[in-house]
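The following blocks contain the structures, represented as structure tokens.
Here come two complexes built around chain A, the first alongside chain B, the second alongside chain C.
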Partner chain A sequence: MLKRLYRWLDLRIGVGEIVEKELTGYLLPRNINEWYSLGSVLLVIFALQVITGMLLMIYYVPDADKAFKSVTFIMNEVPFGWLIRLCHAVGSNMMVAVLILHMLSTLLMGSYKAPRELNWVTGFTLLALVQGISLTGYLAPWSQLSFWATTVATNSASAIPVAGPYLVEFLRGGKLVGPPTLGRFFALHAAVLPVVIAAFIGAHLFLLKRTGISAPPFGREGTATPFEAQQYHYQGHPGGIPFFPNYVLQDLSSISIYFAVFLAVVFFWPGMPFTPDAFVPADPFKTPAHIKPEWYFLANYQTLKIFPSELLGLSVQAAAMTFLALLPFIDRSPERHPLKRPVFLTLVIAGILLWIALSVWGHLS
Partner chain B sequence: MENEGRRKFLGVCVAGATAAAAVAAGYPVFRYLAPRTGQGGAAKLVIPAGELKEGDAKFFEFAGSSAVLIKTKTGELVALSAVCTHLGCIVQWVKEKQQFLCPCHGGQFSTDGSVLGGPPPRPLAKIPLTVTEGNITIG
Partner chain C sequence: MTRKMTLAILFLAPLLFLQPALAAPVEQPETVCIQCHSSLPDRLGAPVNLWRGSIHAENGISCNGCHGGDPKDAANAMTPQRGFLGAPKEKDIPGFCGRCHPGVYKDYLSSAHGRALGAGGPTCVTCHGNHQVVKASLALINEKSCTRCHSFERAQAIRDAMQQTEEYIDNISRRIAGFQASGVDTEKMGKSLFAVRNRFHTLFHDVDVARVKGESAAINKELGKLDAALKEIEQSHQKRRVAGGIAVGFMVLLAFLFHLMKKSYD
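After this line comes the complex of A and B, so read on.
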């Protein structure tokens, strides 16, 4: 039956050719490692976020008067509503975490270097977009946490000279966070950003296909692949391992490990994405004590607190982000092995430690 | 040969585990989407008899659907399903003619629900009612 369907399709659109080219005939470097499978994990997470998001939309009402109630209804009344919502909330946290790991592996293996600058830039844009979709989704339940986190986040734009105050009002759709804010944030969260993210994922994968997988700088031959070509050149890996079935198995085991962690959080630590303020409906007249952003924004939050002027704090962050985004254009040496790039390695480790320290500080203060 | 058997066994295990995972993920989604039970409305409804004048009709929700109660010119009380038996529109009460008219395709029904004209194939369903001390209990 399946064979006949395959035959039928193959006669019409040449499925066999695609399978041959992309799956079985597609060779990966022999020394490819686990870290390369994080991209597949991220694709699965994104798909899961889209599916659970669509399911949530069935019962969620994006209206300031009804949003909190509808979320409570999903959590308490709808069969398995808690599961769908927890998967969505935990999934968003895990997406940021895996994204960071994916970027770290790219950094350490130097895969952002020429000719893969565009891959890094699209990937970096994806990080910013994911942060954006997390922030806009945060407002959706219209809880105290949502309300005040959004108030603080949108407020930071006011530090920008001249245009700042107007920009804040524009973001919020009013002087304060209120029903108009929910409307625009919901549209961004559920319609605009998913499409933009999907488009960037498409571009990211397209670029990956065009340049070919980079060989890890570890182990065997072919570690350094200096880029001096005057012409477009696809990096093939003769003598490598086929994507299917060899690397698919690695992808699947990474995805399984991911699911084990993900479901463990969903079932055994359901409070992870929430603080007590997440269970109180938004009240514009009462700011709860110690309002804090999500863990991945804690470092940014702390930076804003350290610097005496908000503008300075924002500029430092913007500078750090721009530096990271343009990294492949700044770091031009062809060497990719992390141990042979001591300055770079020190900087990366120092950067990570700084980020962790700022986050912990932000969490404790 | 032995290898072949091993491969087959592992294949069956993988297929089984995949199927189990699919059910484990599919069941919650199915239950999440399934219509909410116990929202059909009350199975019994009490209406004070004084609410209805002779020749009038009162529409209400009954057991999750639309129903109508009329008091004929002769003072008789009738409760009917208001759902047209043709394609499911809600019939209207035409007071002057003392009959029901379906706005969708012009079906006509008499006060006891029988078809007077138009495409409806069956009379409107009757709903039993009892009158006790000025209260009309429907259902």
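After this line comes the complex of A and C, so read on.
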């Protein structure tokens, strides 16, 4: 039956040709490893965020007076509403975590180097966009946690000289976080950012297809044709392994492992994305004792606190982010093996340790 | 290599600016009452230290909260013009405390303790202390305190009846708080627990054994309804965990199968 359908389609639209070109004939480096499947995992996570987000929108009301009640309704009355919401909230955290792992593997295997600078830049932009969509989604439930985290986050823009106070007011739609803030954050979260993110994912994948996949700098002997910056050429891997079925099975295996971890968090640690303040309606007149951002913003939060002026803290963060975003243009040596790049490796490890230390400090302080 | 070193220095240089946040706890300025009296000897100075260990101090209620007067003006702090009241006479004590605790005052007055006011009966400070005011709890009903005036049997019976109810209330309150912190809609349960707890608190100054026993039993019955509702939620959460365990197991199995299939192509 399937064979007949396949033949029917092939006769009309040439499915066989596509399969040959994109699946069985799409060859990957023979020494490709598991880390390369994180991109597929991220695609699945993004899709799941979109689907759960759409389902949440059925009952969620983006109105400051009704938002909290509507979320409570989803969690308690809507059949499986709790599951959808937990998946969305846990999924956003996992998306950031997997994104960081994806970037780290790119960093350590030197895949960001020429000719893939643009892949890195689009990927880095995606990180910023994902942080943005997480931040704007945070306000949606209109809880104490939402309200005060958004107050703190939008307030940090006030450190920018001259434009700062205006920028804060523009972000909030008023002097303080209030109903207009919810309106604009919801529009960004549910309409603007998903489209922009999807567009950047498209660009990221387009670039991947045009440049060809990079071969890991270690493992079994490479199959890649080396890159020469004289003219455009697709970096193929003759003699490599086919994407389908070989690497698709790796992708599926990684996605299943991801789901095992994800579902374990959803079912056995459902409080992970929340603090108790997340279940108290927003109250502009009552500041909770310890208001802290999400784990992935803790380092930024602590940086702002330890510098004598907010502007300096903000500048250092901006400098660090710019440095990372432009890394492929700064680090131009063709060597990609991490152990043959000791200074780079030391910097990466120091950077990670610093980030962890700042996050822990921010969490404890 | 030198360029990399420069980059390393540039990248790490900001660390030089790191300094621990200055976090000195800000203390509340002391009232003039505390400032003067803490250096006075005996009867005039002793209340300060007693007060420091009281539930009043814990809640930020200072001397002027009860005794009136002006806590900011040392010269006139204790003039009646500034509302200074001084210490109440024994039979005025319940009224003195009752300004802030009207419900308790009413319960006390209608109890055997309250009816014996002025005729050797206990006042608030007999059990709760005067400056080192102790929070109302069942621990205050103890043999040492009660036998100052009468035998302990009746008090013991009251305490036993209330102890069980209090533990029950604590247990339910903890469970509701736990569910609330995980997104369960506990508003209705919270409200009904609040009502039950208030009803229970009116018993604290009642010394009628039969009434305390009867009321405690009625309250326990109310609590039983909440308990059943909570159990139902607990069961549904347990079911979710079982389903979750199966789902996680299934995913691990899938991962393993895909891995084996992939191996077969190597």
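Heads up, the rule we're going with is that the second predicted complex is superposed on the first by the 358 of 365 C-alpha atoms of A that agree within 3 Å, B and C clash if a C-alpha of one lies under 4 Å from a C-alpha of the other, contacts with A are read in each partner's own complex, and residues count from 1 in each chain.
We take it that a contact is a pair of C-beta atoms (placed from the backbone, for glycine too) under 8 Å apart; a residue touches a chain by one contact, two chains touch by 3 or more.
Predicted model only: the values in this text are computed from it and were never measured.
The superposed arrangement places chain B and chain C next to each other on chain A without a clash.
Look at A:Val316: by the touch rule set out above, it reaches chain C but stays clear of chain B. Look at A:Leu347: by the touch rule set out above, it reaches chain C but stays clear of chain B.
Once the two complexes are laid over each other on the shared chain, residue contacts for A:Ala163 go to neither chain B nor chain C.
Legend: residue contacts after superposition of the two complexes on their common chain; A:Ser253 is shown touching chain C, with no touch to chain B. In the superposition on chain A, no contact is made by A:Val360 with either chain B or chain C.
Aligning the two complexes via chain A yields an angle of 70° at the C-alpha centre of chain A, spanning the centres of chain B and chain C, rounded to a multiple of 10. Measured by the number of chain A residues touched, the leading partner among chain B and chain C is C. Shared-chain residue A:Leu9: touches no atom of chain B or chain C. For the pair chain B and chain C, the minimum alpha-carbon spacing after aligning on chain A is 8 Å. The contact surfaces that chain B and chain C form on chain A in the two complexes do not overlap at any residue. By the touch criterion given at the top, residues 55, 58, 78-81, 83-84 of chain A touch chain B in their complex. Touching chain C in their complex are the following residues of chain A: 72, 75-77, 82, 85, 241, 245-246, 249-250, 252-254, 256-257, 259-260, 263-264, 266-268, 270-271, 274, 276, 278-279, 305-308, 312, 316, 319-320, 323, 330, 343-344, 346-347, 350-351, 354, 365.
On the chain C side of its complex with chain A, the touching residues are 1, 4-5, 7-8, 11-12, 14-15, 17-21, 23, 180-185, 240-241, 243-245, 247-248, 251-252, 254-255, 258-259, 261-262, 265-266. Remark: chain B residues 28-29, 31-34, 36 touch chain A in the complex.
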